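Two complexes come next, and they have one chain in common, chain A, joined by chain B in the first and chain C in the second.
Right after this comes the complex of A and B.
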């Protein structure tokens, strides 16, 4: 028991250390971090100055808005397509549904860069190049199979008899969908949205290929760092991680299994 | 309302699950469909609900052919074996659901729900989540949801099978009382013959895709129409021996373990094993080379010779009862 705690602490520290360094870079005055020969590992001179300077002006706001727009659009498009797909697959016989699911996931084995370039060429023709909609559509290529897979599982866990009961009680298809199926599937839908959103949030390859000039946050951080604008990169990175943490906490209650069971077990 | 089943056929793959089921269920009747597992009882009920379609045949409710109507248009109530309560709703919302679907007024819904909840003794838990109540309460909620509306007929698919033995007896009595109060047409599926015999106005025994016999419980026990029914009904199957052994000019005679007097008469058999039920014993014996079971109040040991006489018996020919 004691050893497993120590193990957990070691692994935790290993994953949290980079975040800690990020924190130091963001809140320590640069003389103790990037300008120092031996950077301090303790928060010696805490300051908000770095952030205030970096986050002012449109250099930060524009990419942030673009990232938020893209991620939310990806989440929405994914759900619109994956909810019916997942429901349909869950009601098909397994022998039919499983090959289709496997096929869907196989598309994800293709490296993004291989698909990204032809997509970019096509999007220039379609005037979707340098546009949030275009990027969101490309990123949905990756999130859609994953979300369909998750939702297929969610809908499969809702017994067919629950739907039959609703039919007997006089509910048509739309009523069944909105009163019974979607509320019960809410945890799975939340998980699918969260995963799609977060995937898009830190997606890089499609972003740099499809919006090379006024891009999303990951691409902006990358160009800041490569151009030597380290402090801005650090500040952006810090802001960049916050929504992920907030979203995970906000949707946490949906990510528990208890919500799914009960009432319908035999 | 009357429900008429006309020559219903349902085929799965190569198996004819239902092979011409025909019966007229009267208005206000408690009609129990009894049969072993896997004989298509639930399929039949689902066809009556409209969830599944028969391959052939018709269902006529009060003169209307409803065979091709989907369940949402049939106005039928159903209680599934696992209750199928909506886990995202409270008890009250569950019971309200069918009324809301009908578009009834709010005050009217409220009144009806309170009334039904009172009838079933679940008024206190109306605002609890259905996932937070006990199995017995869930079963009541499922029944409340079925009886809150005014359906043409009620379908119940082994609704008591998830309760423990004691609860089941109580619930059985309650169900019968509710049915009498509502004067509803109840169609009830079970594999438990005790349940069937104690609840039913009429019992239909489903075997090999057909109703092998439809009759009152007492008649089903005393005058089983086929050998199969005779062996299926009862704690112990009916005993069968060739007619000539008893001096009858008929292929076979059958008698129940209770239809004997042990200790007198001129027939003898030897005891193979003993099964005690309450304060009486079932003796499993060999009688002229045939295995039979007889009921005795005296105690006998394995290997004993027992004298007995048969007080009544039925004649069978080709596996069917001879009138």
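Right after this comes the complex of A and C.
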């Protein structure tokens, strides 16, 4: 029992310390954080001034809007492709569905930096460079396999009998989809959307390759920090992190090992 | 077999293949093109001037190091969470928080913790020992900072997978081993590890591939001192654009390593058992 507590305290401290540092950086007065050689470990002079100064004006709003647009677009494109695919895979025999899922997940492992460069070159020709649509199309490559996998699981759990019943009663595919399947699958669909949204919100590699100049928040934070605009970088980081932490808690049910491992276990 | 499910799956598969396989093939092909349009190893020869060997070595080092740290911490977290104690729910919530923190944010926070002089880690060390550590003194220590930051962000996913595996091991195995006199260490080596083989494999594949691809963290924490394969690719890309041959040659090297790594892990953990 004793060991559990020691372990729990060590683990808890390790996971919480960087968050605590982020909190100090955001709310302590700069003299005790970025300007100090040995920054204070305690919240000695809390202020909202850092946030107020940094978050004013378009320096923050523009990348925020870009991030929101991209993430939402990624979620939508992903669902348009993944809902039919997930349903289709759930109705195919395992021997066919399994290799297709593996193919999708293997592509998921292709390095973004390898794929991103030829895509950037093409996008310049197609005038999709520096555009939200182009970035969303690229990020969908990461989210689509994952979403398809989640939705395949969701649709598989809906009894085939239910659908057959409706078919006997004369409902066509679209009718079955909209009045039976989609309502039952709604939680899975919502999870797939939110996970895609989160991935895009976080995504850095495609963003810096495809929208290097007026980019999304992660790239903006990166360039702020490299240009020495530290306070802004920290303030943006905090605002940027909060929605994702909230989403992570909301999705805790779906972030399970069985689920993550299941993709390869089948 | 009916046709409709196939037609429904087709757009997604088509999308992935078109936008992921073709650019990859394109990247490999372009990397073999010399400035005159012929096929040659020109770009690869050029790469040797940019210390490609060092980048490969450092990438492998970071990958192996980070995987070891994450497995060790993952086991610690999973074995703590597989017991029952007061506050378990709170702790399991805390351990998934890093999943919700963006890589960029994690990198910036760690850059404030580990600075060349001062920083939060040094505040602690300074108040205890009165000295100051330069975390970026050597390339190895710089790489260790990257590994630590990466492990903070990614241990949760490893521990979730290991936890799932541990909860699938029957308790009776541990009881009978304990009765036969096996201590905690031997129980871990002889019961936990063998039973978790496929779960460890899954964790290694998922994390290992991402580890080779690690990009935002080293870019923010150490720039290209020393370069990893990804930061080398990015630097070559930004400095030689619109010529991308050199960057793509480095990218192809990276791709090769990832494919080899996937093959090795699948072989080692027995692909058929998973």
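Odds and ends about this structure:
Operating definition for what follows: the second predicted complex is superposed on the first by the 232 of 266 C-alpha atoms of A that agree within 3 Å, B and C clash if a C-alpha of one lies under 4 Å from a C-alpha of the other, contacts with A are read in each partner's own complex, and residues count from 1 in each chain.
In this section, a residue touches a chain if its C-beta (ideal position, glycine included) is under 8 Å from a C-beta of that chain, and two chains touch if they have at least 3 such contacts.
What you are looking at is a predicted structure, and each value in this text was computed from that prediction instead of being measured.
Considering which of chain B and chain C touches more of chain A, the answer is C. By the touch criterion defined above, A:240 lies against chain C but remains apart from chain B after alignment on the C-alpha atoms of chain A. In the superposition on chain A, A:161 contacts chain B only, with no contact to chain C. Contacts of A:170 after superposition on the shared chain: chain B is touched, whereas chain C is not. Of the two partner chains placed by the overlay, only chain C lies in contact with A:148; chain B stays clear of it. The residues of chain A shared by its contacts with chain B and with chain C are 261, 264-266. The touching residues of chain B, counted against chain A in their complex, run 46, 49-51, 70-72, 74-78, 80-88, 97-98, 101-102, 129-132, 138, 145, 162. Contact residues on chain A toward chain B in their complex (touch as defined above): 159, 161-162, 164-172, 175, 179-180, 183-184, 186, 261-266.
Considering their complex, residues 1, 4-5, 7-8, 10-12, 14-19, 21-22, 24-25, 33-34, 36-41, 81-82, 84-85, 87-89, 91-93, 96, 100, 103-104, 106-107, 109-115, 117-119, 121-122, 124, 137-138, 140-141, 144-145, 148, 173, 198, 201-202, 204-205, 208-209, 218, 221-222, 225-226, 233-234, 237, 240-241, 244-249, 252, 255-258, 260-261, 264-266 of chain A touch chain C. Chain C meets chain A in the complex at residues 1-2, 4-9, 11-13, 15-17, 19-21, 23-24, 26-27, 30, 73, 76-77, 79-80, 83, 85, 87-88, 91, 93-106, 108-113, 117-120, 122-124, 126-127, 152, 156-157, 160-165, 198-199, 202-203, 205-206, 209, 212-213, 215-216, 219-220, 230, 233-234, 237, 242, 244, 247-248, 251-252, 254-255, 258, 262, 274.
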